[in-house]
Each structure stands twice: as structure tokens, then as C-alpha cells.
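Paired with chain B in one complex and with chain C in the other, chain A is shared by the two complexes that follow.
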Partner chain A sequence: MVERLDFPGGITPPTRKARATRAPLREAARPARVVLPLAQHAGAPAEPCVRVGQRVRTGEPVARAAGLVSAEVHASVTGRVAALEERPLHDGSRGPCVVIDAEGEDDWWTLPSLDWRATDDDALLARLDASGVVGLGGAAFPAQVKARIRELHEVDTLVVNAAECEPYISADDLLLRHHAAEVLEGARMMARLAGAARILVGIEDDKPEALAALEAALAASGHDDTPAEIRVIATRYPSGGERQLIKRLLGREVPSGGLPADVGAHCHNPGTLRAALAAVRDGRPLVERVVTLTGEALARPGNVVARLGTPIAELLEDAGLARPALHRLVMGGPMMGRALGELDLPVVKATNCLIAATREELPDPPPEQPCIRCGACEEACPAGLLPQQLYWFARGREHDKAERFHLFDCIECGACDYVCPSHIPLAQYFRAGKDAIRARRREAARADHARHRFEFRQARLAREAAEKEARRAARKQAAARPRRRPAGEAQPAEPAADLRGLRIAETAARAAERKAQKALTRAAEGGEQDPAVIADLETQLATARENLQAAEARLQAARDAEEKTP
Partner chain B sequence: MSLMHAAQTPSRRPAGTAAVMGWLLIATLPGIAALSWHFGWGVLTNVAFAAALGVGLEAAVLRLRGRPAGATLADNSALVTGVLLGASLPPGSAWWLILTGMIAAIVVAKQLYGGLGHNPFNPAMVGYAVLLVSFPVPMSLWAAPTGLVGPEAQPLGEVLRQFAGLATLETLDALSGATPLDAFKHKPEGLMAAEFWAASPLPEGALTAWRQVALAWLAGGALLLYKRIIGWQIPAAMLASLALLAALLYAASPSHQGSPLFHLLGGAAVFGAFFIATDPVSAATSRRGRWLYGAGIGALVVLIRAFGGYPDAVAFAVLLMNLAAPLLDYYTEPRAYGHAAATRGIAAREDDR
Partner chain C sequence: MLDALLDNGILVAGLTLVGLSGAFGALLGFAGERFRVEGDPVVERIDALLPQTQCGQCGHPGCRPYAEAIVEGEAINRCPPGGEATIAALADLLGREPLPLDGEAEDTPRVAFIREDECIGCTKCIQACPVDAILGAARHMHTVIAEECTGCDLCVEPCPVDCIDMLPRPAADEAATPLPAGPGHRPVLPTPARDGALIASDREARHG
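== the complex of A and B ==
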């Protein structure tokens, strides 16, 4: 079969970007109070390192990264810490936040400025870590963790994901129009960190101004060592999906369950690249980002540079929010974004877009109708799945079949929802299906863990018994030593065979121990985040060690017996 | 989940189920018009009564099932089933025949399986097959092509008497004529095809009428394709495999087999290809699965017509392939992104091995 050069499916919804791209990028008013959630990145929440009442400067760390995958949080205004408290978060839950009341002008707390070309990798990674830089495309994965990819994979291409394929969002577009040179410079820095030999910028053809700015910036810096290329692609959702973009630009497919780095690619959002450069060149931690403010309920839509922690309500009021017209508030895009239940939430690192939509604009979906298996979803699916079948299995809770039909390759882009004539929220079903399967796996893992703990106990008892037996044998030997056994009465071949068996058992136990050790190391290095999994692997390792010790004790006892009975 | 929907943007393709079914109804109009023009008022009484029964029976079963009827009826799917079955029955069928067929279609084949989207078999074809097996005589009395108007046309009153079940079998027999497929099927064993046609075995204009009806269904099918309501794979595969197999048989035995054109236009093949086989609920759903599904129907139609006991075979061919649809879907899954190869079938899970 002919290899496809593009990802399958995709849709072309109306982009609705024009309203927010008419005005130039502007600085949002500095807020009087910021709320900084400690969990605004992928991974473990940060741990606060300030006291209530403490004075902090703009850029000063207020919470430290905790664990392998986590990110620092920095004060985004100069002022006084007003509270450390639980506050509502964007997903409807509540979580710890640092609240800072601004006082006076910005007083910047910066790290020493570095020239990335003259700085080694470790110092750059440490700087990214200390600056709280995370992916600004929406996933908020810590950039420093991502940049360490080189330790495990060989990367040849750094992809700048400027596709921005989702309707409404224009934050990257505006950022590139104004700061293309910084984005390119950031890309060069991250390319070096990842070990990539070239840079590919993927941008959709509905952003001519950003493209022109990029081309000008590229021409101005043309003599640089890392070759960079701009690829314009036709506007089609979801070409900004990491996997889809890599397929479209490089013709490579990220293996199922794998990472882009498995095929030598490394993707970054333009905003992330600029933030990374600012962290290194200017020593400025991540305290602001570009946010698209759009939707028909806003009189003055546009893109603003907003401090993290700025109340969403303030930004929207400044953009002329007509509250009665507001029907739905969305953070992110209309396809994959999150509907916010309230206005009293802060801008976080993942806030690329806020849509204040009217009822006509993003109406409530009509009631769900039965699936008629028309196959429109299959034509739209960018992962080559059969959503109509997956829907069937999700509804029937046939999780085995859902997995067999590659449920976990679904990127939840919502293209199937968009085309479904029966208005079935397919992506929602798929997310619920994945959650159910993960819960089931956790349940199975818990049972395994219990079994492993039991096995450990058995192994410990066996080892103690073996050691006791060895000591007893040694004592018996010592007691028997004076009376040498007359020749001919020596025990026949049996102990030798026994010794051989014990030696084999000991070797096997040693191999098992090494294997358990390796599994634990791999999980820890692979960024395994579930402490239960690590604990379980540790239990298994301990069991293997007990077994090894027992085998050694038995072998030693047998050897001693052998030596003393020539 | 997506907060935007294709319905909000102008497109050729109707974005909602009710609109899809609505366009399907519109697409049946040329075929029904051509049928009525040639075979008289009986076609219209069939279609009208079957459609009304479709809606009525669906509402009744929904009531029994304790489901809200309004929203479901608004999807127009029961109407479509009624119209399709009505158009397939011999013109001027009696009310009890239509009622039996519609009960089999809507109550048994559709609602007892869970309603729209849950039926493994095409409801209209289940109804048709039940009638064909249970009432072979009235099902094979197809009206002669006497036209809707004109001197020979059967008056509406006469048709209504037939519909009410008051006409005797003799009258019906006198009024009816065999369909081309039926006549050809039952030609004497020793008779050559050429001799058979030379003897003008059909009522005057019958062959022309059937061809025009097939072309009218084709026009409706073209509308469905244009509106992207159906994919082209199933009709194309079905008609291609039908023509190919018919050509092979014709080449092997031109004196006893019908020509490919006769097979294509002489019966319900075109109607079946665009309006029956394309029912997405009961068809295979992957793109390659649809090819195989369509091709299977086409092949079965020719095989049953040539070697089976029935003159036409669209209903049985479709039902047989409905049976095969889940299997086809398991074996024709597209290669998913990030996988080296497509998966085939349902493999045993590792812990079962």
C-alpha cells in the first residue's frame, strides 16, 4: 500500500481568528492581585517557599518544583504574599494557590543573564528548571524535563509548532508577528539542547503576517549554524497536533504509545521558545504569557501579554465583556478547550486563549441521537481510527475491544464530534473509556502489589529459615570436626549434585535480582510518576534480594559442608 | 469535546440525522415518480400507507418501550423505512400485506433490536423478505405497466379496492404481469434466451418501464452522492461486481443467462445499490469493508438470480451481507496512526493464550 505522506482525516472548521488578530499585541493592565496555583503544569504540584506577609519581587520564586516532573512558580508582580490557600481551579476542583497583592512598581528579581552559545547544557537545563518554563501550547509540560530527551533518544529535528490549527486561538500568530526573531533564537537554543541538527517551522497558511515576520527574521539571521526552514501547510484541523504535524512535515509517524523523540523529532510551541530564551538571555523567569481574548461577547477582542495569575474577569472586562451576552467561557480552543464554570479564575501557564462566546456563537449541543454508523467520524479521524466502533465499545463497556481498536491512539481532538450528524460527544466517551481502562489497570496493579508484598514476606521467612539452617549446620560441623570421618564413609555423590543445584539456584536468584534492579531503574529514569508503581518495583527488588540471600546462605552452608567432609 | 459543529457551517452535506433522512426521502422521489408513471396509483398507495404505518408503528413501540416518541420520530428514519418498503412491494398491494411487512420491519427488525442505529439487519429488507417467503403469490403479482393515466390505466377506485383486499385473486392475476426477471427466470428449460425474447413474453413496454425506473433510481442515487449522504464505495462495488459476474456468466452461456445490462437495469439492482445497501447502520463501516460489503451483495444478487429459487435477490443478498458486516469490520480496520500495520480480526488476549 502507498505510504501516506499526510495524516488521515482532519476537518476545516471556520477559523474565527480575524476578530482577535486585527489589533496588535498589547500589554494587559498590571493586576492589583494575582493568584498563582501551585499546580499549573503537568506533573506534581510545586511546594510553596514563601510565608504569608512576605514581600516578593517580580520573578521571585514562590514555589519550588517537587519531584522529577514539576515546575517552579514565580511571583508575577511585586508585592506582599496575602494568602496561601485553597482556591477554585480551572477543572472545577480546588487546589493550593499563592495569592499576592501588588505594591508599587515592578521590581524585577532576575537571574544572571547568560549567553546560551557560551553556556554548557547542564547550566542551560538548570536555568530552564529555575525559570519555571513549561510548554505554552496548552499542555504545560515542563520544558526542562522535555529538553532532557537527549539522554534517552537521538533527535535530529526541532519542530517549531506554529500551526495553531484550532479555531479562535491566535496567540502564537501575534507572538510571531511581534517576536519572530526571539522565537527563532529560542529554537536554536533548544535545538542545541536536544541535539537537533535542523529546525523546521510548521505554520498554517492562514497566518501570512506571522509567516512574513518569520521569513524576515530567518533572512536576518541567515548565517547561523543550525539550518532552519519554514514549511507552510494548508489550514486543516488538527495539523497542530504534535503527531499530526510530525507526519505532515517529516513524513514520520510517532509510534503508538511512543514519543516524537522516538522518530527523532522534538516539538516546541513558539511561546515556549521565547520564554526559554528570555529565561536564559534576560534571566527572567516565566511570569507572563500571550493570551488571546476573543468571542462575540467581547467588544475589543485581541491578544494581550498578561501576567500569570491575573484574574480572567479583569482581562475580559478590559476587553469590553458584555456579561449578559456571555453564554459560555472557554479556556483554550473550542475543540479541545475547557469550559470554565466561573470568571473568578486566574490566567495560568496553559491559558493560551479565552473565548467569551455568545449563545449564537457556541450554542448548546442538541440532544444526542443514536449513532447511524454513517462513517463521517472515520473520515474525520486524524489518527486513522474507527470512532463509530470505539463508540460502540465505549457504550457497551467492552474495554478489551476498545483497546484492541486502539482507543489509546485517540488524541481527543474532537474532529469526530464536529462532524457527527447525531451530535454524539464522541471524544467525551473516549476520554471516559480511557479513564475506565486506566482505573481497571490500577485495580489490577493493586492486586499485583498485594501479591508482591505477600511474596516478599514469604521470601523473608524463607531466607531467615535458610540462614538458621546454615548456622545450625555450621554448628553441627564444628561439633563434628574432632572426629574425622573414616575414609570410605564419605558421603557419596549426592551432596555434590545438591551443590550444583544450589549453585544454579543461586545464579538464577542473582539474575532475578539484577532484572528487578533494572526494571526499577528503567521506571525511575523513564519518568514513572505513580509512587505506587515505584514502591511495587522496590518490593519486587527486595523479594529478589531476599531470595538471593537465602540461596547464597544455602550454597555457602553446602560448600562448608563439602570442604569439611573431604 | 468540540463546542463547534459542522451544522453551524454551510456545507453540501446535511449535518443532522433528520436532514440526512429528509434528503434521502427527496432522493426517492424520481424513482417513485417513475414507478407510478408506469405502474399506476398502486405505487402511491403502497408508499403512502407504508410510510404512515412506519411512523405509527414506531410511535406505538416507543410508547410500549417507555421512550419519548417525539424526538425519535423527528429523525425521519421510520418514514424512510416505510417509503423504501412501499416502493419495493408490488403496486397496489393489499393493506394486510403492507401491515405485515411493516411490522416485521419496524417492530421486529428495528425496535426490538433497540431502535435506530442498533438494528443488525436492514429493516425494509427484513420486511420484504418476510413477505416474500410468507406470501409468495401476492408478492409475485406485479402490476402490468399500464401507466398512471391513459386509456389502459387502472382507475384509482379499482386500486383502492385492491388495497382494501376486496379484489379476487383472479382479477389480480388478470391485471398483473410478470416482472422481466420473473419471466426470464421461469422461461422453459429448453428455450434459448434469444427465442424467449423473440416471443415477447412480457406485457408491452415492461422492459422499457423497468429500465426507466432503474434510471430514475440512479438519478436519486446521484443526488445522494452529491449531497455526500452515501459513500460511492458500496454502490460502485455492488454494481461493478454484479456487472462483472453477470458478464462472466453471460460469456459462459449467452443462450441461457441474462446479459449484464439486463441484470443491471432489469430489476431492483440500482435501487438496491443506492438506497438499500447503503443503509449505514447495517452495512460494513470501514472504508475497505464497504468495498467488500458492496461487492458481496452484487455477487450474491447474480448468483441467486441465476441459480437460486427467486427471480430477484436484492433483499436476500443485502440480509446475507448484513450478517457478514461485523466480520468485515473486524478484518478491514484501517491502519491506525503510529502502528506499523493494521490489525486483523480479534486476537486472543495474551493471558488467554
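== the complex of A and C ==
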């Protein structure tokens, strides 16, 4: 039974959470200047809607969602827009950001407060959309897109992912200690939106205070609410991965390439739930989040509520950063986080943790050694993959084979890196492999699209030629008729056979056009997210229409010729 | 009659085989008619491997005509935009020997760019573009829809004022993760405090 209700593999690295959990949650100092990247969520970057020099209030939108999967960005301080410019981002690239210079106290811009129990789903979704709420666990996927899951899937359980399995991170722990009731209320709201009949909170056993706060909040809640249950699970990395957590709590396995909703589960991070509730109940857009500040290079580690866009350097200085001791700065956890190359970066919606580590604490990775095929990675893999096999495929750029061995089911948790005796950075190989495959797919889609446009052009030219031919034939006929009648020449019999062929061609073209139309409608109704796919289908439909018109023109010309010749 | 037949085992076996082959032959013949594949699927598969730039550098008016020519026996090394990767894929599909590329390989994907103040609006490039990626009208400025351009060069030649440049295509929006260097190398992680400098920006300020 225990075996069935658990995911394979996993590791138990030292958690190192104690330092940051001693101090209570506190508000970070309000920054003098915030930098808000327009691409701080999964999906398309937002489009700015403010001018330089414009005064904005705290919570006012500064960038609108662009496209179906995107999220709004809101001013996190009151002040003037100082610049709209390209700035360094966390992945080492540069991207557009809105820079705001703060002035004085917060002047809140809020949306009207709503009671979610008395509000319909559409209004709630619109509110989540307008509030820029994204998944605060680290993936930053827009919450309103996720909440629309009901349109496509049947969901029975909303899972609150409070496992927080990665070492160092304690943002959810502290959030639950202080705001457990709000998290539960947010969970009920999102459960209703998703159509889930029950709530399941998954929490690891290394967070007794958060567990106590949750239990107290649960006991205090009303009886008519959605039934909620708290499940304590043994601490093991990566039980906070949504697939792993669902397997552990429900014993259901999310299919390869599928979504948790395929097995009736819907997963949310506690921070997201609280932010969603704040957006609805208080009308406050997402402008702040809990960030864990930890690492040996900090004198006063702890968890702070920081405004989005706060410079990382400021937060770390406040926590007593010893700059000479700082060796590595990691955003996120040590397993899946990203090492940052500089301190001049802002807190974004995905910043759950900042680790200012010393050299002794997170030493440089040792040189990679050859794979000895020991199989330790295979035992650690929580997704049940064969990391060493995938490693050979990634190194040899055998992408087809890597895909066949389910590379895309890899959650990049880094458990295989951790156990590898040869210190092979396996997860990085897998990321590189995935990127290469995605790039290849993009190229293939481009080539397909170019072919469709080429076909469209060919069809258009053919249609134009056919129409020209038809006009020419008509003119010729009109000119020839008066002369022919007295002569009484016998017409050749071939147009009849020709007509039949043309009629078949016309019917086939009509069927092709209908088929293209149907494919486009299906894609549009099926919630196709990628505008390029829609554009491509439109091209194909246009091609089919050109072909149909050409066939019609030819048929008409032949018919005219038929009629006019007795 | 039946007894005599049953006694003669070899005859029974022979008749059974004849009957079976007749039945299966009829079945196969029916299936061949019923599920006949329209068009030549090999052409489709070759076409899918070609880069679809429609550039005509192979001497055929587009990728599909070249795919048809390959089926007829044309060499598989005539596609410069596809490069070695396409040749390898074609060799794999057709079971032919991979040949060295005929012509110069293009190292980077490119897009056409019209220097718009020099354009006289002659529409010659519009007529040459195989994928309708150039927008404009007679005696009005033309411009290239960069998203749709396949970088085929076909618009460069007809331009009477030479105002079309082929520029490298901007890289895809997502930065690709590099493959690690392999055994014997230390993975490089960005470190804000390497070499005892305070932070990266301080270091720059000191040197600059």
C-alpha cells in the first residue's frame, strides 16, 4: 500500500531550513526604486501601458497581458515611471523592464472588493486575470489560465502543495505559520473555480509550526465549506513536484505528456492561493511576495514580504550580507534554482528564495568525470526515467531516441546530479537536449508554414491563370459566334469529357476547402494557444479556397463553351 | 470420392494451399484497390525533410519539385539551405550514400531586408518572392514580412536598384541551454564574487 502511494526514487539532502525559520515573517523596507521585468511569468511578455514620467499608484497596472498565456504587471510602489528600458534579467539575457522611482507613502490603487462566494466564475476569472496572479512556487504560470481547467477537464481534488521539499526554502512554511486561514480560504475559492469537491493539503513533516497553524485554521473554519484534509508526508526531495505530490497523496499517476488535471487533480502553491484571495477579497493585485533570504553569507537570514521589483542587493544588504564571504548567489533552491551572475537584479514573481552562499556552503561543482554506468541516477529519478541512457542520447545529439525515452517527462529536479558519483551535471544535459528538440520543432513548424505559403501562392497563380484563360475563351467565343453560325461547322466532342473531369476536380476542391475550414474551427474551439498554428491553418484554408475558385473558373468556362456550342 | 481424396494426404495439403493462396490473393487485391494511396508518399516524405525555403538553388522551382526530381533519381546534395543535416536525413530515408554538398552551405539562416528609402516601388521583388513575404504596391515602398521570409535570395537578383540586403535572422527568443563541455571539464556557474571582486558591476566600474 505504502509502495503504491509513493513515487519512485527521490533523495534526502540536508534541508538547511533552520536558519531562515527562526525569525518571524517581516515586511522588507520599501525600496526607493523598483524594476519590473515585463517577462516575469510563463508565456508571452506583457505589453507596457504607461509612459515615462507618468505617475503610478501602488497596484496600478503598468503592463497588460499580451496573448492567451500572459499576465499583467502592476506597479509595486507609488511613484513616477523613470524608464522603460532593456535591463539584465535573471537568465543572463536582457529584457524590457518598467523602472519606477518611489515617492513617499503608498497610495493604493485597488479594484472593488468582491465576496467570492457571491460572485460568479467569470467575474472571478476576470479578477485573477486583472490582478496578475501567477503560480508563486517558481514556475510563474498565470493562475487564471490554470483556473480555466474546468473547461477541458473534470477535476475532483484541489491539492495545496505545501511540501516545499527543496533545501533552504521556507517561504511557504512562514506564510502558512502567519496566514494559514487565508491560504485555506483561497484554496476553497480556487477549488470552486476548478470544480473540485475536496481540498487536500500536502505538507512535509519538517514543518510542525506550519502544520499546527493549518490545523488550527481548519478547525476554525465553517462546516458548510469544501471538505479539506491535511496529509503529512515524510520529507523527501522532490515530493513538492506536482506529479510526485499527486502520486504521494492520491496514488494517481499523471500520464506521460499529460497534466495533473488528466487524473482529476489540480495543484496550487499556498502563496498563489493567498495572492488569489487578496486579489478578489481586497482587490489588491499581486505586488508583493514572500522571499526566503538565507545562506551563510547573511548575518540575519529570514523570510520577508518584499515588493516585486525590489533590488536583490537591497534585500540582502538589509539581511546583513557579508560581501567578501559571498561566493554564489542562487535564486530558487540549490537543486533547481538559478545561479545569478550579479546582484543588480530585481525580485520577480518567481523569486521564492535567495541563497547567498559561501564557498564552503555551496562549493564549486567538481569536474565532470566519465559515466561509469553505475545506475545510481536511475534509482534516484522520481519520474522513473533512465537518466544515464538519456545522458548518452543528449551527448550524442540523438534527439529522436531521447524523445522515445521520454526526455520530456524529466522534471529537471536534479536528483540524478546529486547522486551521480561522477559529478555529471545531468539535468543541464537534459535541459540542453530539450532546448535543442524544441528549436528543431520550431524550425520544422517554420518550414511547414513556408510550404503552406508556397502552396498558397501556387494556388493563387493557378487561379489567376484559370480566370484569365476563362475570360480569353469567353472573348474568343463571343468573337467567333457570328462567323461560325452560317458556316455550320461541327464542334469537336471533347468538351463533354473534359467537363466531367472538371466537375470532379471542383467537387474535390470543395471538399478540401470544407476540410480546411473544419480543421481551423476545431483548432480555434479546442483552445489552441499558439497563434502561429492558427495562422498556418488560415493559410491552408486560403489555399483551399484559391484552388476551389480556380476549379470553379475552369468549370464555368467549360460550361459556357458547352452551352454556346449546340 | 471424398474417401479417396482424404487417403491421399499430399493432395489435400496441395489443395488447401491453393485455396488459401487464392483467398489471400483476393483479399490483398481487394485491399490494394480499396486502400489505394493517392499521390506518391515518398515525395511527401522527402518534401517534409527539405527546408522549404523555395529558393530554387537546386535548379528546381521550389522544394516539392526537387522532391519529385529526387524520386526520379536526382542527386540528394543539391540543397544548400538544408546543408549536411538535410543530406544525412535524405540519405537515411532513401538508403543512398550521403554526398558532399553541391554548392556552398549557408551557415546562418537569413532574412531579406529592403532599404526602404532606396526602394522605387517596382514590384519585381514581390513577384519573385515564393512565399508572398513582401508587401507593397506599384510606386509605393515595399517591405519584407520578416516572420514569413525564408531567406531564399530570390528577391535580390530582380531588384533594379539593389536595395535588398540579406541579414542574419534574429535568434529565437528563448536562449538555448548549452550542452555541458563533457568529462574533464568543470561546469561553469555564474558567480557574483569571483576573483575577490565585490560584485560584477563594481568590477566593471573599477576597470572602466
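Note that the second predicted complex is superposed on the first by the 463 of 566 C-alpha atoms of A that agree within 3 Å, B and C clash if a C-alpha of one lies under 4 Å from a C-alpha of the other, contacts with A are read in each partner's own complex, and residues count from 1 in each chain.
The working rule: contacts are C-beta pairs under 8 Å (C-beta built on N, C-alpha and C of every residue); 3 or more make two chains touch, one makes a residue touch a chain.
Treat the numbers as computed from the prediction; the structure is a model and nothing was measured.
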Superposition on chain A - do chain B and chain C clash or fit: fit
First (chain B), second (chain C), both or neither touched by A:Ala394: second
Which of chain B and chain C A:Gln369 touches, first, second, both or neither: both
Partner chain in contact with A:Asp91 - chain B first, chain C second, else both or neither: second
Partner chain(s) touched by A:Phe456 [first = chain B, second = chain C, both, neither]: second
Partner chain in contact with A:Ala212 - chain B first, chain C second, else both or neither: neither
Touching partner for A:Ala339 - first (chain B), second (chain C), both, neither: both
Chain B versus chain C as contact partner of A:Asp448, first or second or both or neither: second
Minimum C-alpha separation between chain B and chain C after superposing on chain A, in Å: 8
Intersection of the chain A residues that touch chain B with those that touch chain C: 328, 339, 365-367, 369-371, 422, 425, 428
For the chain A and chain B complex, residues of the former touching the latter: 1, 7-8, 11, 13-14, 167, 243-244, 247, 253-258, 328, 330, 334-335, 337, 339, 357, 362-363, 365-367, 369-376, 378, 382-386, 388-389, 400-401, 404-406, 409, 414-415, 417-423, 425-428
For the chain A and chain C complex, residues of the former touching the latter: 91-93, 313, 323-324, 326-329, 339-344, 364-371, 394-395, 422, 424-425, 428-429, 431-436, 438-439, 442, 446-451, 453-454, 456-458
Touch list for chain B against partner chain A, complex: 1-6, 8-9, 13-17, 19-20, 71, 75, 77, 115-118, 231, 280-281, 283, 285-287, 290, 329, 333-340, 343, 346-347, 349
In the complex with chain A, residue positions of chain C that touch it: 47, 50-54, 62-64, 130-133, 148, 150, 172, 174-187, 189-193, 196, 198-201
